[in-house]
Structures are given as C-alpha cells and as structure tokens.
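Scrolling down, you'll hit the structures one after another.
Shared between the two complexes below is chain A, which pairs with chain B and chain C, respectively.
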Partner chain A sequence: MRKVFFREAIARALREEMECDASVIVLGQDIGRYGGAYKEFAGLFDRFGPARVRDTPVAESSMVGLGVGAAAAGLRPLVAITYMDFLMLGLDALVNYAAKARYKTGGQLRVPMVVKTTAGARGQGVAHSQCIEAWAMSVPGLAVVAPSTPADAYGLLKTSLRHDGPVLFVDHKRLFPVPGNVPLEETSVPFGKANVLRSGNDATVVTHGYMCRVALEAAELLAASGASCEVVDLRSLAPLDVATVAASAARTGVLVTVEEGQSVCGVGTEVAFRVRDEVPALRVARVAAAPAPVSSNPVLEKACLPDALRVAETVRRLLS
Partner chain B sequence: MDLPSLLRAMIRIRAFEEALMRRPDHGFQLLSSGQEAVSVGVCAALAPGDQLLASGRSIAPALARGLDPRLVMAELLGKEAGPCRGRGGRGHLAAPSAGFFGAHAVVGGNLSIAAGVALAMQMRNPGAIVACMFGDGACGSGALHETLNIAALWKLPLLLVCDNNGYSISTRAGEALAAASPSALAAPFGIPAVTVDGMDVLAISEAAARFVARVRAGEGPAFLECVSARFATHSTATRETRAAEELAADRARCPIRRLADCMAADGSLTADERKEMDTEATAAAEDALRFADAARYPDPAELLRDVG
Partner chain C sequence: MIYQLSVPGPIEDVEELRVLEWHGEAGRQFAKGEMIVELETHKAVVEVRAAQPGVLRRILCPPGEWQTLGRPLAIFSDSADESLPAPDESGAALAVDFEVT
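Let's look at the complex of A and B:
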C-alpha cells in the first residue's frame, strides 16, 4: 500500500493503461501541459506526448462525439469533461450514439470510451456544481461509476478503460486532494460491486462519491449518541449492486440514502425502491440537495447541500 | 470514370426504392430518389478501406457503397438478416466491415462521430479516409461548426459532403442558414470547398476524387457541397409542401436521365443497353424484396441482446 492523493490515483490508472495499450488516448480541455483542472492528468503529456494527450477546444458536444467515433473505430479514448454541468452539451453523442451503437448495429460496433467528469459543489455556482449522475443511470447501455477513495478511483478507472462499452466516470471537486492507501501492485475494482465502508447494526446509510465522507462523519456523530450505522458506498451506479445494500438493510431495517444531487428521480430513489422490493418492512428516508440551484454564495451553497448533521438527524428520526 | 457503372448504380438505387415503396408495410422511410448521384459520385471516389457515414437518408449511400441490396432491404424491413440484425433500420443502417460505418438519424449527429473515426484512421490507419454525408439541414447546427474547427486544427482525413437538397422538411435552406451556401462555411476554417451540381454524377465524382486525393495525402479536411433535389417528400411520413411546378422542374434535372442522355448522345449507351440496365435493376430489387420477405423478424426474447 502507498498513500496517494485521489488525483494521483487517477493519473496512475491512466499512465498504466496508456503504457500497456497504445489505443488509450486522452481528450479534454487543459489536460496537456497544464495537467488538468485538478492536476489529475499530471505527467501524462510529458510521458505520452501530444498525439495521445490532446488538448481540445471548449466544445464539449463535438469532443464527446469525437471520442465516441474514435472509440467505435478502434481507439480507447478518455474524454475529460471538466465539470459535470457541461456534460449536458455532450449528451447527444453519449446517449444517442455511444450507449446505443452496439445495439443498433446488431453488435457490429462497440464504443469503449470513458467520459470522466467532475461533479459537486465547491463555491463555483449554479452551472458548475451539479450532480446529474442519476440522469445517466437510466440510459440503457451506459455504465456509471463514482469512486469515493483513491483506491477506488484507481481501480474503477482501470476497469473503465478496459470496458468494452461507454462508461461515465464521475469524480468530485472535493475528492481530488483527499489522500488514501492504494495497493502498490496493479489491481482493479469491478463494476457492480458496492463497498461497506463502515459496519453497523442499527441503520444502513447508502451513498456514493464525496457524500461517502459526509455519511462517515454522520456515522461518527451517531456512534457518539449510541447508534450504530453501516455505511455502504455504491461505487457503481450502473450496474447497481442492490444485493449488498439489501443485505445490510435487511439486517438493520432502516435505510437512509444520501446524495448531493436531487432526490426527485435520484440515485437514492432508485436504490430505495429496489431495496424495498427485497426488504418490504424497511423504514426509508432520502437525504439530497434542496430543490434549488446550487449558488456560489457560501451561505446558500451550504444550505442547499446535505451535511453530516442532516444525515444524522434523518437516521435518528427513523430510529426513534 | 466508368460511366456505365455510375449509371447502373443510380438505376439500381432508384429501382430499389420503387420496389420498397410498392410495399404497403415499408414502414417509415427517407428516400434518396433524385439524390442518387451524390452517393454514387462520392462512393466512386472512395477506396475499400475508407469509411462512409451518412444521415438518416441512408439507402443511396449504403447501396452506392456496395452493400448487398438483399441485406439492406432486410434491414429496412426489420429483419434479422439485415447487417444490424434489424435493430438499426433506415436511420441507423451500418456495415462497418464493408466501409459503411453507418447512418445516424440525429441531424448533424454523425459529424463529430465522423471526425472521431477520422482521428482513429489518422492514428492507426494512415492513408484511409472518412467521408461524411449530411444535409443542408445540418448546416445550422453547432455540430458542423465544431467539427470543421477540430478537423482543420488536427488535419483530420475527413471529406465532408453536404447533400444540399434545399429543404429541411419544409424549411428552405435560405431560411435556415445565413451563409450564402453551406460550402461558404468552410472558408473561415481554411478548409477547401467547392459547390457542384448534385444532379451531375460526373461533376460530383470528379470533385470528390480531387478532394479524396488531397485528404488522403494528409492535407486535412475538404468540403464538397452537392446541390441536389429530392423527388419525394422528406420522409414517407411528411407532407409535400413544394408547388407542382417546382417538383416538375426538379424532376427534369433527374441525374439518371441526365447521364443516360449524355451517353446516348455520344453513342456510348444503346437503347438495348439502357433497357438491360433497367431490367437488371428491377430484377435485383425484386430479388432483394423476396429475400427480405423470407427472412425472419428478431426474436423478442432477444430484446436485451447487445445492450451496452
């Protein structure tokens, strides 16, 4: 094991895959010499050069399309969309082409492409803060993953770069400077496998991405008042590991979903519905962003987003 | 140029669509009738290892690229024997191994995809090129402008072919595009462009051959605009909005008649030879229909096959 920052884990996964597979290329804004908005591409340009690490114009729509076409024609591109809000510009190629290419051509084409994008709020305002991964979960043919630790960022990106279909890889602004242990040897994390971050008996909190840290903080608060909380990190939103969440929820009888996006048609709504199919007597609550845009105003941003106190209060309400 | 081959290819496409239209259950189709010369002229300039992408108006591009009419008909009628196993249909017909990377029915949606295919060619298969056909209706979309920019910046081996039939369903090209013509859009990006008569297969094939040679030599993208006319409505589900006089004038420009008359005038096509071409094309179309009729529909139990 070696302690590295989340951003370094991303660069390592890419470096390893680019070393062993010449078809892996990176496309995105400021990912060349600059090394990416959060330095998560640091070192790649010097190592692999401008043909494989390509700075692009600010044109997300066609850059996703370019990646999709290149993937369908035999390359393995990673297209970096700096903020998830801008993914909306590239949804046509991602949803209408990439996610359907294999199906619509009767298996003739595959689109082994990763769209890596950064979700979440950190003071940048209404069009630079959103978490819209739930939208993507409903697209047949599209895999969606959202790591919360450096080890999972490394392992899930490795799996994403070897996957034969399109993958939406969602990281988070607040995670890049987070340190964590990553195995020294080459490993990967499979899709569709949730991870129990903390064991507990009284309630199950299920979440993903940066909100895992908020959920763990809430579990600490609850432990101080005598409630034992299990925290499950989904890691992979499509495919979804319902079994792991359901097994935990069946034991605790209480499920709280936590996400930074909206609760309407959200990740938590989907998880809760599917878990309740398997655990009928479940007590369920959702914690998510308030139904408002996420302002750059620090007071309003804080008011909009879930925090450990809200999560802990919600768990306590269900337990009482 | 092999004129008889060009003529025969156009006649086959026309006969194919006429046979398809005689079927009451043809489904929703976008016909190429009137615009055969664009596909045939462009494909005459492509090599086997190149790739062609098209809009949802895909019948002429697919047949001109050399796809088996039987398989194309099967795909259009939703049969498992089609190259896409009946899943793609008219809007998404594809046979990449035959150099037809495929149609995509989102207007302008195939442009950046084509640039990506061209990037893959540039990096892994130098010497091969990509041609992408789209209508005048795609020229107001940001996708075209973004694609022109990146293709020029990266000198992608991409031939952009605007099949300008003058209308986006009912909206005239001049009402949807501020530029004087689609080909004028290429100039700001330093991309060579030319506008040719889209009903003149010789003019198209010659212009395409010149551009293909340039693109293949690594000199970057080129833009070929072909001013054509569609003889049918936008699709079989849309209403005709053009006046009878305008349609009659368009039909008088028929690319098949134009080439046939030209060849007859210089003695390179006899009446018997022309008749043989018509007979052969009709027989091939009927044969394609028989093949498609005999083929089976996909099994609904395989609905989830190839998702992902």
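Let's look at the complex of A and C:
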C-alpha cells in the first residue's frame, strides 16, 4: 500500500487505463495543462497530449453530448463536470441517449462513457453544493458509483473506464483533502459491492461518499456511550448491494440511512424500502439534508447538512 | 537549546500533508526568514520559513513522508554541537512563519 492524495488516485486510474487503451480520452474544463479543479488530472496532458486530454468550453450540455457521440463511435471518453449542479445541463444526453442507446438499437450501439463529477457542500452556495446522485439512480441503463476513499476512487474509476455502458462517477469536495492508502499493484473495485467500514452489533448505518466519514464519527460517539454501530459504505448506488446492507440490518434490527442529498426520493429512502423487504421487523430512520437550499453562509450550510451528532441522536432514538 | 519543528497550522481543510522538499541537510544553519521546508497539501504548497535562527540537526520526515498538523518534522538547536535529546523527548517549539501558496 502507498498513501496518496485523493486526486492522485484518480489520476493514476486514468493514467493506467489510458496507457493500455488508446480509446480512453478525457474531456473537461481546465483539465488540460491546468490539471483540473482539484488537480485530479495533473500530468495527463503532458503524457497523452491535447488530442486525448481535451479542454472544453463551459458548455456542459455539449460536453456530455460530445462524450455520448464519441462513445457511440468507439471511444471511451471520461467527461469531467466540475460541480454536480452543472450535470443538470448534461442530463438530456446522459439520460435520453447514453443510457438508452444499447436498448434502442437492440445492442448494436454501446455508450461506454464515464461522467465524473464532484458533489457536496463546502461554502459555495445554492447552485454549487448539491448532491443529486439519487436522481441518477433511477435511470435504467446508467451505473452510479460514489467512492469514499482514495482506494475506492482508484478501483471504481478503473471499473468505470472498462464498463460497457455509461457510468456516473460521483466524488465529493471534502474528500480531496484527505489522503489514504491505495494498493501498489493494479487492481479494481467491482460495481454493486458495498463495503463494511466498521463492524457493530446494535445498529446499521448505511451511507456513501463523504458521509462515510460523518457516519464513522457518529459511530465513535455512540461507542463512547456503549452502542455498537456497523457502518456500511454503499460505494455503488446503481447497481445497489442490498444483500450486504440487509445481512447487517437483519443482525442489528436497526437501520439508519445517511446522505448529504435530500431524503425525499433519496438514496436512503430507496435503500430502506428495499432492505425492509428483506428484513420486515426493522426499525428505520433517515438522516439527510434539511429540505432547503444549501447556503454559502457557513452557519446555514452547517445547519442544513447531516453531522455526526444528528446521526448519533437518530441512532439513539431508534435504540431507546 | 533544542527545538522541534512541527507542521504549522491551522491550514483550511488539512489534517495531514506530505513533505515535498527540505532546503538543506542536517548541519545547515538557518537565518531568520530562510525557507526550511516545503510541504504539500491536496492543492497547495506550504512554505515554512525560520522565524528564529537555528541549526537543522535531524530530519524526522524525509521527502515523500506524511505528517499530521502539529506533529514533528525535524529537530533544531541553537548551535551545531549541542547533544540531541532521546527520540521521544521533544524540545521547545521552533518559531516559524508559513505561507500557503
């Protein structure tokens, strides 16, 4: 293992895949010489040149559309959408074309593309902070993954770049400052496989992305007051690993879902419903953002988002 | 007198960073204002400069190694011939200025 920054795990996955597959290209704003908003594309322009690492205008709709066309024509593009809020501009191409092409053409056309985007709040206000991965989970034909560590960012991006259909790869602004260990040998993380981050017996907390850190903090708080929490990182939202969450919930009898997006039609709502199908006698609660825009005012931003105290209180309420 | 150079802070969002480059080896005398070490965060470089004169005696974190904020990077002393403390014994904090670029 080697400790690296989150951005370095992303750059490594791309570098390795671009070395072994000449059809992998990268499209995005400031991803060329500048190296990307989080430097997660650093070094790729120098190594692979402007034909494969292409700066685009600020035009997300066209960027995703270009990616879909390139993929249908035989390339494997990664389209970088800096903030997830701007993905909305590219949803037509992603949902109506990329996710449907294989079905619509009876398997003649495939769209192996990755849309990589950065979700989450970090002081940037109402239209630069949102987590809308739950919207994408409901699109047949679209895979959705969300790493919480550099190792999973590396492994899931490797799998994404080899996948035969469109993938939405969602990272988070607050994951970038935190380094983590990544295997030295080339490896990958499969889709549809959740990861138990912490074992416990009294309650199951299921989450994804940056909220894994919040859930682990909550588990520490709860451990101090004698409650033992299992924390499950979904890693992959579509396909969803219901079996791993259900096995844990069947043991603990308590399920708390945590996400930074909204709870209405959210990731947690979907997970909770499907787990309750498997485990009927389950106490369930959801923790998510308040039903309000995320302010750039730090006090209001904090008030809106789930934190370890809210997660711990919710678990305690179900346990009492 | 023996001093300890630690990772300065606070630095927004950063808990842990990586040593990029030492500006000198053990034995080098640093004057006030001279750059001692450059540290790398997820998106920036932290330049650490001496805010007092001192002799770099022992580098604890060579380039490429990680260290958390407030934890030691190197041992300094006022003069080059002072005997060094046992490894787990920390000296006074070396005064530094730092800039995130």
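Here is the rule we use: the second predicted complex is superposed on the first by the 320 of 320 C-alpha atoms of A that agree within 3 Å, B and C clash if a C-alpha of one lies under 4 Å from a C-alpha of the other, contacts with A are read in each partner's own complex, and residues count from 1 in each chain.
Simple rule for what comes next: a residue touches a chain if its C-beta (ideal position, glycine included) is under 8 Å from a C-beta of that chain, and two chains touch if they have at least 3 such contacts.
Since the model is a prediction, treat every value here as computed from it, not as a measurement.
Student: So, on chain A, is it clash or fit between chain B and chain C?
Tutor: When both complexes are placed onto chain A, chain B and chain C end up side by side without any clash.
Student: Kindly classify A:Trp135 by the partners it touches after superposition: chain B alone (first), chain C alone (second), both, or neither?
Tutor: In the superposed model, A:Trp135 contacts neither chain B nor chain C.
Student: Now for A:Phe191: first (chain B), second (chain C), both, or neither, which partner does it touch?
Tutor: neither
Student: How many degrees, to the nearest 10, separate the directions from chain A's C-alpha centre towards those of chain B and chain C?
Tutor: In the superposed arrangement it comes to 130 degrees.
Student: For A:Lys39 in the superposed arrangement: first (chain B), second (chain C), both or neither?
Tutor: Only chain C; A:Lys39 stays clear of chain B.
Student: For A:Asp92, select first, second, both or neither according to whether it touches chain B, chain C, the two together, or no partner.
Tutor: first
Student: Touching A:Phe48, do we find chain B (first), chain C (second), both, or neither?
Tutor: neither
Student: In this superposition, which partner touches a larger number of chain A residues, chain B or chain C?
Tutor: B
Student: Of the partners chain B and chain C, which touch A:Tyr103 in the superposed model: first, second, both, neither?
Tutor: first
Student: Once the shared chain is lined up, is A:Pro179 touching chain B (first), chain C (second), both, or neither of them?
Tutor: So A:Pro179 only meets chain C here.
Student: Measuring by CA atoms in the overlay, how small does the chain B-chain C distance get, in Å?
Tutor: Scanning every C-alpha pair, the shortest chain B to chain C distance is 30 Å.
Student: Based on the A-chain superposition described above, do chain B and chain C contact any of the same residues on chain A, and if so which?
Tutor: On chain A, the chain B and chain C contacts do not overlap at all.
Student: For chain B, which residues are in contact with chain A within the complex?
Tutor: Going through chain B, the ones touching chain A are 51, 82-88, 92, 94-97, 101-102, 104, 106, 109, 111-121, 123-124, 142-143, 146-147, 149-150, 153, 305-308.
Student: Mind listing the chain A positions that touch chain B in their complex?
Tutor: 23, 25, 51, 56-57, 59, 61-75, 77, 92-93, 96-97, 99, 102-109, 140-143, 165
Student: In the complex formed with chain C, which residues of chain A make contact?
Tutor: That would be residues 3, 5-7, 38-39, 174, 176-179 of chain A.
Student: Can you list the residues on chain C that touch chain A in the complex?
Tutor: 13-16, 18, 41-43, 66
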